[in-house]
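In what follows, a single structure is set out as structure tokens and then discussed.
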Amino acid sequence: MFSNTSEIIEILGTIAFAISGTFSAMQRKLDVFGVLIIAFVTSVGGGTIRDMLIGDTPVAWMRDVQVCLVILVTSIAAIIFKTYIRKLKVTLFLFDSLGLGLFTVVGLQKGINFGLNPGICIALGTITGCFGGIIRDILLNTIPLIFRREIYATVCIFGGVVYLLLLLRFNVNTDVSKFLVIALIVATRIIVVQKRLSFPRMRY
Amino acid sequence: MFSNTSEIIEILGTIAFAISGTFSAMQRKLDVFGVLIIAFVTSVGGGTIRDMLIGDTPVAWMRDVQVCLVILVTSIAAIIFKTYIRKLKVTLFLFDSLGLGLFTVVGLQKGINFGLNPGICIALGTITGCFGGIIRDILLNTIPLIFRREIYATVCIFGGVVYLLLLLRFNVNTDVSKFLVIALIVATRIIVVQKRLSFPRMRY
Amino acid sequence: MFSNTSEIIEILGTIAFAISGTFSAMQRKLDVFGVLIIAFVTSVGGGTIRDMLIGDTPVAWMRDVQVCLVILVTSIAAIIFKTYIRKLKVTLFLFDSLGLGLFTVVGLQKGINFGLNPGICIALGTITGCFGGIIRDILLNTIPLIFRREIYATVCIFGGVVYLLLLLRFNVNTDVSKFLVIALIVATRIIVVQKRLSFPRMRY
């Protein structure tokens, strides 16, 4: 199961997003089954859209049933342990940022493996990182987080540019590049939220 | 057209969901064309998502134009005959449950035909059964029914487990298994709604 | 880049929808980045759904990175020039109608090139023309325009029928047919909106 770095990153991202999905759904007071569905969709949504766009079907989670088990176990564990977590909002934010960083790198690397244009690789990384959360918010009938307050998708695009520069321009080792970009995305998200950074809103 | 059981089940499911989609859209006071679109989406939505996920494209309704005709005729008939139906809410519920049972079995069998993992087959059955209604509710801008009151998708998962057990463990004939599981899903839905069964809601 | 009529139509449609998406997002007061995403989704959404349905993957914008650049430049230009536009509502409507006409023809022709059934070609044209706007409205959390006031998708279906008649029945030249149908769709939209034409709403 853990034969290489890519798989470890994918599993960690799956766990991080399953936790963030579970907590989001509990905030909306869904029943147990609804919570599990939202955890699943948040976790696999980005990769599913990515695979349908590039035509790599059956999509990833259909070929690897362990992903489904990881989500199920993680989500149930999150439901059970939630009473022990005091600063739930902070925990939720950290897991969401971690998932964002991990899945952006997964999507970037998949674009590179498919030999796609660098700009498209960055788009794929951003889609893999962000779309789980977008679908989750559409299902819960709210304007997706990505279009509201803080800088979100831009962090993925920024991470994607850095990743491609590290790999293609500076010939940094793939695993080192991955680790650096994941750390960069998580750190940037924390700074954005702590400093309340945002782009100016448009008026009409 | 009706060369085998699978096709008959598919056509019946299409009709059942076209009727349920038509009535749902009429409740939201859409115009005639909006009603037809919602009928179409409710009817083919689940199968379309399923086919895009497994990469069986062009998706089913594009290869079988008769499906589109069946939906058109059914939807127009439903619009015309609605004044004759007194207990519309009950009628709508019954057609929705029937469609759920029929399409879950279609999705399950398609997963088996593609040689997918049993767990994935159950997911495909659930997606085929439920996603038409989910897309319908997203288009009508409400929290999908599946995340609200009653047990819904769980009935499909339950039906999927029974179907695989009948086929693979007890070697029951395919057509008999299909009929039993459709009846099981419809009956379970009726019991769930009549007894007002639901899972506990999560709190945060 | 502009080697033939098809590409010119596609680029013009992309520009028209990028402008309409930009203005729509600015009306909802998104930040700069949100405006760019909505411009992108409105522009490529219809073609992306079309390509995923027929299995022509990677979807179009992934194979032609210039489309992304066109959208970026158009959207930024629209943001900058908006203060010079007085009748913004009329401008927005005209660009939306133009995009609808152009993209419907792109989708129709793609269906014909794939050898699909005429009815499915008309559906593909309608999907290519309308779905960018539908996804935009779902992301902005409103009931899609298509289901509200005026006749919308029906104009695409009407244009599709005329296109197939011109091509297959009257053997009109492809480029001439394209031009006629684009003009027809834009003109019909203008008449529909000016005369406030609409289908009767259904009641329940």
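To keep things simple, chains are lettered A, B and C as they appear, and every chain counts its residues starting from 1.
FYI, a contact is a pair of C-beta atoms (placed from the backbone, for glycine too) under 8 Å apart; a residue touches a chain by one contact, two chains touch by 3 or more.
Note that the structure is predicted; figures quoted are calculated from it, not measured.
Asks: So chain B and chain C are the same sequence; what rotation in degrees superposes their CA atoms, nearest 5?
Replies: The rotation relating chain B to chain C comes to 120 degrees.
Asks: Counting shared numbers against all numbers at the contact of chain A and chain B, is it over half, same, or under half, different?
Replies: Mostly different residues: under half of the interface numbers shared.
Asks: Counting in whole Å, what is the centre-to-centre distance of chain A and chain B, each centre being its mean C-alpha position?
Replies: A distance of 30 Å separates the two centres.
Asks: At least two other chains touched by the same residue of chain C: list those residues.
Replies: Expected reply: 52, 55, 138, 141.
Asks: List the residues on chain A that touch chain C in their complex, please.
Replies: So the residues of chain A in touch with chain C come to 52-55, 114, 116-117, 119-120, 123, 134, 138, 141-144, 146-147, 151, 153-154, 198-204.
Asks: Where on chain B is chain C touching in the complex?
Replies: The touching residues are 23, 25-27, 29-35, 37-38, 48, 52, 55, 57-59, 62, 65, 68, 79, 82, 88, 138-141.
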